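What follows is a set of structures for review.
First subunit A sits with subunit B, and in the next complex the same chain sits with subunit C.
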Partner chain A sequence: MPRRSPVQIWWLVPIVAALALPPLLNSYWLHVISVSWYYAILAASWALLAGYAGQFSFGHMAFAAIGGYASGLLAVDLRVPVPLGILCGFVAAGIVGAAIGWLCLRMRGPYLSLFTLAFALIFQLILIAEYQFTRGSLGLSVPGLFAGRSDTPYYYTGFILLLVSLSAMIFLLRSRVGIFLRALREDEDAAEACGIDTSLYKILVFAITSAVAGLAGGFYGHFVGILTPNLVTIPEMGLVVAMAVVGGVESLSGAVVGAVFVYVLSEVLRDTGQMRFVVLGLLIMLTQRYAQNGLWTLALGRGSRLSWRKPVTRAVEPEAAATAVERETNVG
Partner chain B sequence: MFEYFLLQVLNGLVTGLIYALIAAGLTIIFSVLKIVNFGHGALYMVGGYAGYYAIQLLGVPPILAVLVAMAATFVIGVIFERVMLTPLYTDKVDRKDEYAIIVTFALFMVLENAAIVVFGPFNKRPPSFAEGAVHVGLLTITYDRLVAAGLAALLLIALSLFMQRTSIGQALDAVSQSRDAAAIIGIDAKRMFAIAFGLGAALAGGAGALIAPIFSLSPTMGDLPSVQAFVIVVLGGMGSVPGSIVGGILLGIVEGLGVGFYPDANRALAYSNAFGALLLIITLLVRPTGLFGRQHLRME
Partner chain C sequence: MVSQVVAAATLVDAHALVKRFGGIHAVDDISLTIQPGELVGLIGPNGSGKTTLINLMSGALVPDGGTISVGGVVMNGKAAHVFAGHGVARTFQIPRLFRRMTVLENLLAPALTRKPAHGHGTIALRAAEVLTFLRLSHLAHGEARALSGGQQKLLELGRAMMLEPRVLLLDEPFAGVHPKLLGDLVERIAELSRRGYTIVLVDHNLDAVRGVVRRLVVMARGRQIADGVPDEVLRNPDVIDAYTGA
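Let's look at the complex of A and B:
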């Protein structure tokens, strides 16, 4: 659509800004922003899974850990080159993601959340218990992606990974698949009745988002140099949920902005200890209560109309339902 | 060996009764509001601390502290419902399941982390209900466990009577069956939603106060029992209080035996917490939408 072109040019501004930022940051904030790229990839992929496809998974961090540990263990035990290891982690997380998607084909809404929550819990306990492989709670030391101690190469690598995965996901959403995924969210039965292979798309969206999470996990592990089972804890998941919800769970770029905002906020509040998670929890509640499409969407001036809109009619024709949603939400 | 087995069964029975109490609260919230309360475990934890501080600061006797804990969590539950859940009853929220998941999960985050800030990360142990233990042969059961099990059973009986014999209990039941039909015969559904959430929270809080002298208190104590409660609710049938009682006791016993008899002792300790989660996964694989299926689940 022609009206989209100015939006795309507008997006060059933050990209250029992010590329020009490192020389202006001290080493602490450079590290913080680099880590926030990791969370941004997670939040955006979770927004695709939960916001777009309506699969409210609480197991997303487990897939990041699968990517991280797969790559880390390959590098430590088999001396596999790090980039190849990250690629393997990406594939491994995708495969496990597809399997989990397949397992919860028949589950919906809160049941799927419960299932994935239990999966993440068990996965964390496995990481702790099988210490002869994973070094348990002590953490697995993994080699860095780059030689040297500077965070700058990691900053750019993380940012490029974010841009690539975000573009790939947005491209996917603008294709026919994106419409099917939204149909899945709006009414699985109606979508099925229209001949959409809901099973296929459910497994597909789990595989893709999990693989992206695994990619983020692999990058994170080789960036900070240590992997611990804490990667999979409920507070970490809460952080990612907060990021996506604050940014706007139906907008991938919103989730990215939310991730950077929330992570920087949580670093600013680091001295307050656990209090920052209280603040984040309250932020989630307030955002959900008063601006359901996120503060970012609100800031762009589209929120007020969206947040109190009437529910989209559960149309029998999912294409119609999906286009109705498309009219009101922004794919980016 | 047989006595060890018996001891595990008895211990399982005590924790099972506590689980049943938590699960009954979750069930009431689920059946009336049609939402899964992801903050339930945190309310259980808050109840434990409320009881602790009632004993330590106000000098309330330990058994009455359970009632104080229930009152405190009831108030928290009603406030949360009034402030955060009212949009669910209107058309202001599309995709109500997701809204409920997010805000109750946020409740969990807020309560658990606020507890770390306010109560400190270290374990606390309130005084016993009654010192000492009963010895039967080689078996030893502390009075704390007996009192906790007895009070839990008493609360569950009181709950069943409340649901069956009082007008509020019947009104809750009516709203859970059909919101519209209940409205036609003059039941104020909004009031019932607040009562249901408060009551569910109070049951979790009471369970927390009962378990406190047995296992000590910590801000993260609610993480696992909430998973257990989910298992029971999914297993025992949504909206069925007797179902959650039977399910709770069964789970407690199975867990006690599982941990007691797991071959590799080192791993058994690490995996003891995975038991409930594994059971939840298996239950959901067999019954992906619980016993009553999807119609029962959707917000109206």
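Let's look at the complex of A and C:
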């Protein structure tokens, strides 16, 4: 039976702590942490797209909005049960994400970033203009996921969604797809020459990360009870990017830690008014200058090395090679 | 030991290939057939179209005219990964490694694109064999960007070998390699040829190329000007003209 490494067991500590936390929090901080789960899902999925696959999309918030509005409109107009609506939002965001990935096949670097940013801004304008469906800037009131006014069920739901989406993305990265996505990030032409269908994996990573963003958006809408086009603003996108960068854009766990840390810090500094943005800006600048792999990877002392890589590479010694990769990875 | 590549009857047949960039004919009506087990040298002055021809033969570029077949299958318009799937592996003039991935991960990436017959453990075993063959085992877990120029060339060769190719297209493997590593690289390529690999070797280093190849093709201004045994080709007046500019 394979032994669990100390690192894997160590991950149980924050999970247990997060599960035990709600009774210790007042309603304000319970709400703050619950919202931070939403940002954590967004930051981790963006880290997968940008940090691992090298696709610097600035349209991520549009996919969260697609998930949120799809679920909200289904619930409001068609009386679709909220969980089913969230699932539909997840699928809708994934389909639109795949389409955007397909459209971006020949775009790299700043061209891709500008294209996706333009898509997000156009989508925001559509949300404002299509008043009869979305109620424009006034916002669309959507029913809650749970009856009652307590945030505790949302806290746990958000946390479970985070764990599930994070586990799925880590599973993906531990498979051969993870190596292909990183090869795509490093050099698309070389990846093609190695037999990797870069078009397929580009579309796939857009679809998956967009679907996850849509899931987060669906949860968020039914949690806060109102959806507005402000979900898709550039500052919102910037916040998610900052969260991933501060935690570590090449680490899913780093992005999660970064999201919770940045969101909680911004709430702690709320009384300082605009100064909190100065502090957050300085934090990002210092991170980029002194810890480009993010504060979380720095704290773990791993630089850019990632724990999930090790099982794949451990099998290099000829005597261990025959069995190790097959046993220790989910390559398939 | 690295497994022998059994050269099947399926290889590369380039027929009347044409590639233009604006008004420039980078490749102009080139026909070239690569037979199983051959080690063909492809030489020519700068700008003669060698790399463009390699790009056409590997699917990185789509020809404007002519056909390119691999194993009897016409490949015109197919993506580079399809060429790789048909057994065409290549290296680049300037190594294009996955720089922030480890040496071992660089080798695993191409191998994982194929479903192995005997489980993924065989891929790791093969990677270990290739590392031993290239004498890079001690660097397996280091990032590729930390390698020297010569080591990067070796790793790129290893990455191509991991595809278990029918034909290896090596684009200037000797360029910029330290003389101490050059002999090692020449020896590795010669050894691959002895093991049955079919290789097309593009380079400027005539001494290194003529030391290993049995057939030499010369290009100048996008056209093929000679094809034959190295000693004869290098005495060809057209080849001498092309190189001396006379």
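Just so it is clear, the second predicted complex is superposed on the first by the 293 of 332 C-alpha atoms of A that agree within 3 Å, B and C clash if a C-alpha of one lies under 4 Å from a C-alpha of the other, contacts with A are read in each partner's own complex, and residues count from 1 in each chain.
Here is the rule we go by: a contact is a pair of C-beta atoms (placed from the backbone, for glycine too) under 8 Å apart; a residue touches a chain by one contact, two chains touch by 3 or more.
Keep in mind that this is a model prediction, so the values were computed, not measured.
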Q: Once the structures are superposed on A, label A:Cys88 by its partner contacts, choosing first (subunit B), second (subunit C), both or neither.
A: neither
**Q.** Between subunit B and subunit C, more extensive residue contact with subunit A
**A.** B
Q: For A:Leu173, decide between first (touching subunit B), second (touching subunit C), both and neither.
A: neither
Q. Touching A:Ala183 in the superposition: subunit B (first), subunit C (second), both, neither?
A. second
Q. Between subunit B (first) and subunit C (second), which does A:Ala259 come into contact with in this model arrangement: first, second, both, or neither?
A. neither
(Q) With both complexes overlaid on chain A, does A:Gly195 touch subunit B (first), subunit C (second), both or neither? (A) second
Q: Would you sort A:Leu125 into first (subunit B), second (subunit C), both or neither based on which partner it touches?
A: first
Q. Who does A:Gly54 touch here: subunit B (first), subunit C (second), both, or neither?
A. first
Q. For subunit A, which residues belong to both interfaces, subunit B and subunit C?
A. 309, 312
**Q.** Residue ranges of subunit A in contact with subunit C within the complex
**A.** 176, 179-180, 182-183, 186-187, 189-199, 304, 309, 312-313, 315-318, 321-327, 329, 331
Q. Across the complex, what residues on subunit B touch subunit A?
A. 35-36, 38, 83-84, 87, 91-95, 97-103, 105-110, 112-114, 116-117, 223, 227, 230, 234, 267, 270-271, 273-274, 277-278, 280-281, 284-285, 288-290, 294, 297-298
**Q.** Sites on subunit C touched by subunit A in the complex
**A.** 58-60, 79-81, 84-85, 89-90, 92, 96-102, 104-105, 108-110, 112-114, 119-125, 127-129, 131-132, 137, 140-141, 159, 163
Q) Which residues, counting only subunit A, touch subunit B once they are in their complex? A) 50, 54, 56, 58, 103-104, 106-111, 113-115, 117-119, 121-122, 125-126, 128-129, 185, 234-235, 238, 241-242, 245, 249, 273-275, 277-278, 280-282, 284-285, 288-289, 292, 308-312
